[in-house]
Amino acid sequence: MLLENMTMVEVKEKVNENSIAILPLGAIEEHGPHLPLSTDCIQPEYVVEKVAERLGAFVLPILKYGQCSSTKNFPGTITLRFDTLRMMIEDILSELVRMGFRNIVVLSGHAGRTHMTALKLAGELILEEHDEDIKLLILSDYDIAYTMNEIEIPVNDGHAGMIETSRIMAIRPDLVKGTAESNHPNFPPFMVLKHPERYFPTGVMGEPQLASKEFGEKANVIIIDRLVELIEKMVEKNA
Amino acid sequence: MLLENMTMVEVKEKVNENSIAILPLGAIEEHGPHLPLSTDCIQPEYVVEKVAERLGAFVLPILKYGQCSSTKNFPGTITLRFDTLRMMIEDILSELVRMGFRNIVVLSGHAGRTHMTALKLAGELILEEHDEDIKLLILSDYDIAYTMNEIEIPVNDGHAGMIETSRIMAIRPDLVKGTAESNHPNFPPFMVLKHPERYFPTGVMGEPQLASKEFGEKANVIIIDRLVELIEKMVEKNA
Amino acid sequence: MLLENMTMVEVKEKVNENSIAILPLGAIEEHGPHLPLSTDCIQPEYVVEKVAERLGAFVLPILKYGQCSSTKNFPGTITLRFDTLRMMIEDILSELVRMGFRNIVVLSGHAGRTHMTALKLAGELILEEHDEDIKLLILSDYDIAYTMNEIEIPVNDGHAGMIETSRIMAIRPDLVKGTAESNHPNFPPFMVLKHPERYFPTGVMGEPQLASKEFGEKANVIIIDRLVELIEKMVEKNA
Amino acid sequence: MLLENMTMVEVKEKVNENSIAILPLGAIEEHGPHLPLSTDCIQPEYVVEKVAERLGAFVLPILKYGQCSSTKNFPGTITLRFDTLRMMIEDILSELVRMGFRNIVVLSGHAGRTHMTALKLAGELILEEHDEDIKLLILSDYDIAYTMNEIEIPVNDGHAGMIETSRIMAIRPDLVKGTAESNHPNFPPFMVLKHPERYFPTGVMGEPQLASKEFGEKANVIIIDRLVELIEKMVEKNA
Amino acid sequence: MLLENMTMVEVKEKVNENSIAILPLGAIEEHGPHLPLSTDCIQPEYVVEKVAERLGAFVLPILKYGQCSSTKNFPGTITLRFDTLRMMIEDILSELVRMGFRNIVVLSGHAGRTHMTALKLAGELILEEHDEDIKLLILSDYDIAYTMNEIEIPVNDGHAGMIETSRIMAIRPDLVKGTAESNHPNFPPFMVLKHPERYFPTGVMGEPQLASKEFGEKANVIIIDRLVELIEKMVEKNA
Amino acid sequence: MLLENMTMVEVKEKVNENSIAILPLGAIEEHGPHLPLSTDCIQPEYVVEKVAERLGAFVLPILKYGQCSSTKNFPGTITLRFDTLRMMIEDILSELVRMGFRNIVVLSGHAGRTHMTALKLAGELILEEHDEDIKLLILSDYDIAYTMNEIEIPVNDGHAGMIETSRIMAIRPDLVKGTAESNHPNFPPFMVLKHPERYFPTGVMGEPQLASKEFGEKANVIIIDRLVELIEKMVEKNA
């Protein structure tokens, strides 16, 4: 159920306090020489569609722009300021509450710490400003992906690495342009850097060469299942 | 050419000072009992796709959230604060300049005055902050639509009215749920209203009953042609 | 009744929920080689004085600084940032409500779109923040002037043109320094410009050469009558 | 020379780096049962007019709205937020610099500490942002008035007291409505108060009963002389 | 009773509406060639410790960073922006109210006008935002020091002068590195300066050569006594 | 070398581009029934003192106030808004650069994700705003503590748990009030909570009962050694 395809009359009739809204978030960000800039959009859009089908949830239009830190100086990356992202999420969450939603999920395909903090701050503000009993889940699908224990994942895989490449191979194989060298950037620990891109000039952190469509399909299934579970638990809480 | 489908390497190779970037903007906003909330997204996405094909322009991911004034209290509308929208557009424009674009077009399907002012302020700031010779076009497709003289348009047509209904019938007929009563809200002139929705409870301002797919198709063609012309003139300027 | 000439005791005794407050706004802005920088102040001050006399309204001190876009790079123009103007109007409106006013009129001699949007946003915020039944009218006298059908006005008249010149000739003839060439700037449509002044180096858009004191007097009478009507209707609403 | 009465052509011709701009500031604020709300506007407007005549300075339009602390809850007071005032002054100063002024004077009839700090912060920012050698004087005429040693002033005179009443009697006797009881509010020292008005319900701090037109005239002469001196010294500096 | 040494259980048990919280504030700021950068911290920390002992008050951790104006360009000074300081104090005061305090004292060792205004604005906001009957005292120990009439103080003593030097000699003699020339900077009156440091290159305004440990001890006793009195009066108010 | 104990002359003589500045940060935050509110201050102050001795670094005054999320509703916690902390760190870092430092370390005893993100954003801004080659290290001592492999640490130890209790037992045993029950809060994964405190009412997450002074001493030594190494590497970079 894509909210954007509904009319205002349908919204009025169908949205109530038991409804679930899911907001997918992405980023336009370099993902190596082989993956599209929208890699972080493709994954949550796919996941959210499947999750919403199983739960009868309402899917919000994806916000494809996010906040990027280490990739900010690469060509193709379009980063938002922290405050822009935070305000944007505040506004959307606030309107969802006005519309009647009490169960809200934000799933971000981009998992940068700063980006995720912006989402969390927005969420905390909305909870503070409302007395209603709002249940709010904010996570990245990579919060799940990096803790999958059903399948083996490379130790230091990350941005544009084995998992991301595999998942895009499974969802949008037409957008994968070959592969890329594996790469493990040697960031000086805890330093704030003006030019982080100098530590991974190909834009890759991880093992894209280990990627496979099969792995991607398995990962997607696991993530979808896990997210369905998380949402079901959230909805049942205090029920 | 959807920018989001490209890799960073492709961006680096293909984007130069002659390239044109087009950013489509929409809104999630009630559009009467018969049109989808994404009415203002569907139109510019369609237009921009056609325009970009003809010009070889790069299409940015659409931002589907906009600023809504008179419809803000209806179910389904998701309005951004003025400042959120302004900052968002500042960020995206700023990144386009960083990426190398010097010809930039923002086409908004939503034409609210306040919304358009946010875009313009963002644009002015970006021009002020850069010494480069940036050409920037910001308009709504309704800036064109309301001045089409090739076809006859009803005198007081507006939000969710004859033109909008016709255009959605032409682009996404599957999303049109019947029709709606024509309606001409009697706003008290120049008053700022806490509850503008009381003046048009069906969410319609105009003549949806006069809509037709044929009209929509003609309108779309005119808008596309006109926009191509406008962009071509902009690019040629000072050439 | 100039509010500024009253004592606090008089305010306390005379202001009640039936009172009307009128805030005139202007701009310090180039108006061609022949009109004073305060052209946008002189007109609303004159109008408001006459209107207030007829309605027994309270006149607030004029704010002579406004937000200017296309004239911002000319000598003499003093433009405020959008946010400065918005906050200023928020503050004044908020204090008027605290003082007991429930009928408030803002009349701006400057009619720039961005300027007017700042006023409107301020007004919307004040309505949102108060539960009281506040009636708020925000307009430019040029919202009226450009729609006068009692007298003939040139088709493309505008900034520092026939109407403005005529009105200043009627109100402050001593400040009119001759006349100016008619001029119709050829702005590239919908482009945001870093240097709009290059398109009208004399600072004129319109037909100052057609101006006459008689026209100005007639226009002023019409505007005053029309504004009185608008305010009377506003006050009567729900009565 | 009122800047607002000039045309843009006159500004261009007459303003250069030796020119002096004077910006008068006031407040709309209760001044007891006997003085008008614009008491803090009347005084600097008068002073600035005389000073400008003697120095050939350019006078900016007065800003009649200021920031009020202890009088904020009285009827008639219209206070700005600190940030609104600060931004307003930043904008005006910034535009004066753009226009070519290098000698700028801000004279505030309102002397509240918080109000004056807003002006000073604005001034510091403008100096920081410009490399030009800008000379900037920011003061209240009460910075001078309370240190006049040519004439005897009551020890604890203040807001709406002997000096203010006398000066208004000298400048605008028609606006003085009788007199008021002398009053010395007993504020608890250094406490921040939610309701400072409870300590001086008549709005007076000082000795209005000692006021006289003669004293007011003398005070005005002294203040004007002193300000002329201060500005002359400023202009000569480093000459 | 240092709040920071307590556990949350102790806070819960001991803090109630009769409790007094004292927040000491300082600055890291040049204080001539002979006094440490923390001069403005040492004094209020000492005073607050003694005052708290006598009143059974709770002492908050000192904030050692403040806002500096005239010393901002010297080596060693670390100045905060006005807004940073204001927000910081808002946050701390707001949390003290949440914790249950209704009697709050802010004692600043730094007495700059702009710095003190930031504190006052923060205090006013907190009072406005809470309905509780909060008693709030905000002052600098130099508000007391410059009005001591029990002991003779030099006429134009100030920053890093006789009083400050004496007090540090009394509290932390180990940190006093000799003495400094007396100096009375000749600031051009009321001018806002980009480089105030040029008027007192040694960083001293006053008479450090007249300083003595004995004077410092006496001054400290007076300040402590006076502050105890002020707080006792505040607490008793309306009792 | 405590910067605050130095005079401006000493700063000028001793600080150069090879100098290292270390800024310790803490928080005032509940730490169970047994640890003081300043637990997050005590640890970094101790560490920084030892590290600075070994490196000849300059120690900045600690900022004892930080941003707290999950503990924000407990008695005793004093949390800053995200923006307050971010601005504070921006200001201090900016002043350190002005003072001549090019090697800067921020060590936070509080390790909350949101808190750490504020520090990082501040750091990124400072790097962006300066062309100088500034080396900047921002970390929590718990970034080190949770990865010590020289000694065994409990699996789910955290806030006010075994490590924190042990370290305070080693540094300030006088402030440890007995011990507390071990506790592993069962937060619903990824939910943003209005009342996180309901999941750990004693304020403990971890195993305080396993704490020992010996462990604390060992941990402190490891952390100090590791931090010295990190800083030495940073300073040597590009040397």
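Lettered A, B, C, D, E and F in written order, each chain numbered from 1.
Here is the rule we use: contacts are C-beta pairs under 8 Å (C-beta built on N, C-alpha and C of every residue); 3 or more make two chains touch, one makes a residue touch a chain.
Values in this document were obtained by computation on a predicted structure and should not be read as measured data.
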Could you tell me which chains are in contact with subunit D and with subunit F alike?
E
Based on which chains touch which, give the shortest step count from subunit C to subunit F.
3
Between E-F and B-C, name the chain pair that shares the greater number of C-beta pairs in contact.
E-F
Residue numbers at the subunit C-subunit D interface: does the shared fraction exceed half, giving same, or fall under half, giving different?
same
Most distant chain from subunit B, judged by the mean position of its C-alpha atoms
E
Distance between subunit B and subunit F based on Cα centroids, please, to the nearest Å.
49
Taking each chain's centre as the mean of its CA atoms, how far is subunit B from subunit E in angstrom?
56
Taking each chain's centre as its mean C-alpha position, how far apart are subunit A and subunit F in Å?
30
Give me the residue numbers in subunit D that touch at least two other chains, ranges are fine.
none
Assign the assembly's chain-to-chain touch graph to one of these shapes: line, ring, star, complete, other.
ring
Enumerate the ring members one after another: first subunit A, then subunit F, then the rest in ring order.
A, F, E, D, C, B
Which part of subunit C faces subunit D closely enough to touch in the complex?
3-12, 15, 28, 30-38, 41, 60-65, 74-81, 83-84, 87-88, 90-92, 95-96, 99-100, 175, 177, 203
In the complex, go through subunit C and note every residue touching subunit B.
69, 82, 113-114, 117, 120-121, 123-124, 127-128, 135-139, 143, 188-194, 230, 233-234, 237
